[in-house]
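The same chain A turns up in both complexes below, where it pairs with chain B and then with chain C.
After this line comes the complex of A and B, so read on.
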């Protein structure tokens, strides 16, 4: 059986590889993290009814970034047999992304 | 010679004769299972062992695993999860200390506080009392604890873990005194 830690890391790697994602985010109030023996991975929560991913974006439009991240996460999870929905939250933006004209709008 | 109580897998819902109660159960009382009485007849072999245990039979002999071992593995596996601040409650800790003074009253140690187990020949059910951190998802921490405890107990003992019940006894809040980055606002 695939370890929970490895699933969380795979989701994290897939999401941060998406163009427009600057990194993962711990969320607000309740920390978004996946716990495993000896540590935790912040920004992805595998426990619960849906998988939650909180990220920081560095490219606009944000909706496209969020959808791409959700798609990447879903692909990883289906590969291990987890068919739960993936909720993506753009928790923060890199300020430079707001000034720059992004190429995706061109 | 095995006791009649060891012949059936433990059922989670009822306090059946199949369950061998461990005297190291320090979880808060919830149901019939929470009694420190041993449920078997103390035949000579198990009496000499000094505690209840599960027997794994092979052609070449029998391996016995004490219930307290299963409890210890579960307790350590739960503590491994960073979201678990501690196990058990203050009351359980005091009860555990009293029990350890009674001869044969159990081997309650720090590793087994807040852990109760019900073990049959092939299966185990585990009850945990944990204290988590404020601000962290209890759903997530419970899932992580469940996974790690199941994985460790099944991997180390070969028993099938049929359920891991978790009770959150308390939430730990980081006190303001422990924060070292606070500076005096006024001189």
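After this line comes the complex of A and C, so read on.
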């Protein structure tokens, strides 16, 4: 049986490898994390009816980043037989993302 | 507001726990024949105070009013922390804080709006956006266009409503 922390780490690795994802985000208020014996992984919440991934984006438009992140997380979950939906939340946007977009248009 | 709620809940819980412990200790000690820790003078006064006493009435009214205010404050709908973005591409969300901050920056950088502020309200799938700040009147349209452009890149739905309450920027002498 695959351990919970391994799944969370795999999801985190897959999501942070997506171009445009600067990193995972703890969310606001209650920390978004997967807790396990001996630690926690911030930015991925495996509990509940849907898996939640909170991230910081450094590329716009955000839709492409969010969709790619959701696909990456879904692939990891499918591989371990978890068919729950993935909710991706763009919790923060690096200002440089918008600056790069502006300069690329100009 | 969530933080305030938590602090208030913790304080209330602590008060209730302390009061409960006090009642338990007082009851057990009274049954044992040595009432403690409430002083005898307090106990005698509490036992002789009628419900119709002025102090009891005033305290009850004040507590009731505070409770009503707390109830109304909790029933007022709050702005959601995160908003559902372009629904066609699947379910994903973006935090309201990011949208407001990035849109305000876009108004400032794209149209030169001073003290730009963007507030997003409405339901998760139906955004209502208000732009405020100071700008020369001929830049008002550019400000709205900058914000709309930014919002589209942030995943805003197409049916969003944008209003503006921009003030005329004072002429610099």
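The rule is short, and it goes like this: the second predicted complex is superposed on the first by the 101 of 106 C-alpha atoms of A that agree within 3 Å, B and C clash if a C-alpha of one lies under 4 Å from a C-alpha of the other, contacts with A are read in each partner's own complex, and residues count from 1 in each chain.
Rule of thumb we're sticking to: contacts are C-beta pairs under 8 Å (C-beta built on N, C-alpha and C of every residue); 3 or more make two chains touch, one makes a residue touch a chain.
Source: prediction; values computed, not measured.
Considered on the superposed chain A, chain B and chain C are sterically compatible, since they fit side by side. In the superposition on chain A, A:46 contacts chain B only, with no contact to chain C. Rounded in steps of 10, the angle chain B-chain A-chain C defined by Cα centres in the superposition reads 80°.
In the superposition on chain A, A:87 makes contact with chain C only, not with chain B.
By the document's definition of touching, of the two partners only chain C reaches A:67; chain B does not.
Once the two complexes are overlaid on the shared chain, A:29 sits against chain B and chain C alike. By the touch criterion stated above, A:95 is placed in contact with chain C alone, chain B being left untouched.
Closest approach of chain B to chain C, taken over C-alpha atoms in the A-based superposition, is 7 Å. When the two complexes are superposed on chain A, the residues of chain A that touch both chain B and chain C are 29. Partner chain B is touched in their complex by these residues of chain A: 1, 4, 29-40, 45-48.
Across the complex, chain A meets chain C through its residues 28-29, 60-63, 66-67, 70, 85, 87-93, 95, 98, 101-102.
Residue ranges of chain C in contact with chain A, taken from their complex: 2-3, 81-82, 85-86, 89-95, 97-98, 102, 105-106, 109, 150, 152-155. Contact residues on chain B toward chain A in their complex (touch as defined above): 77, 80-83, 135-137, 139-145, 147-148, 151.
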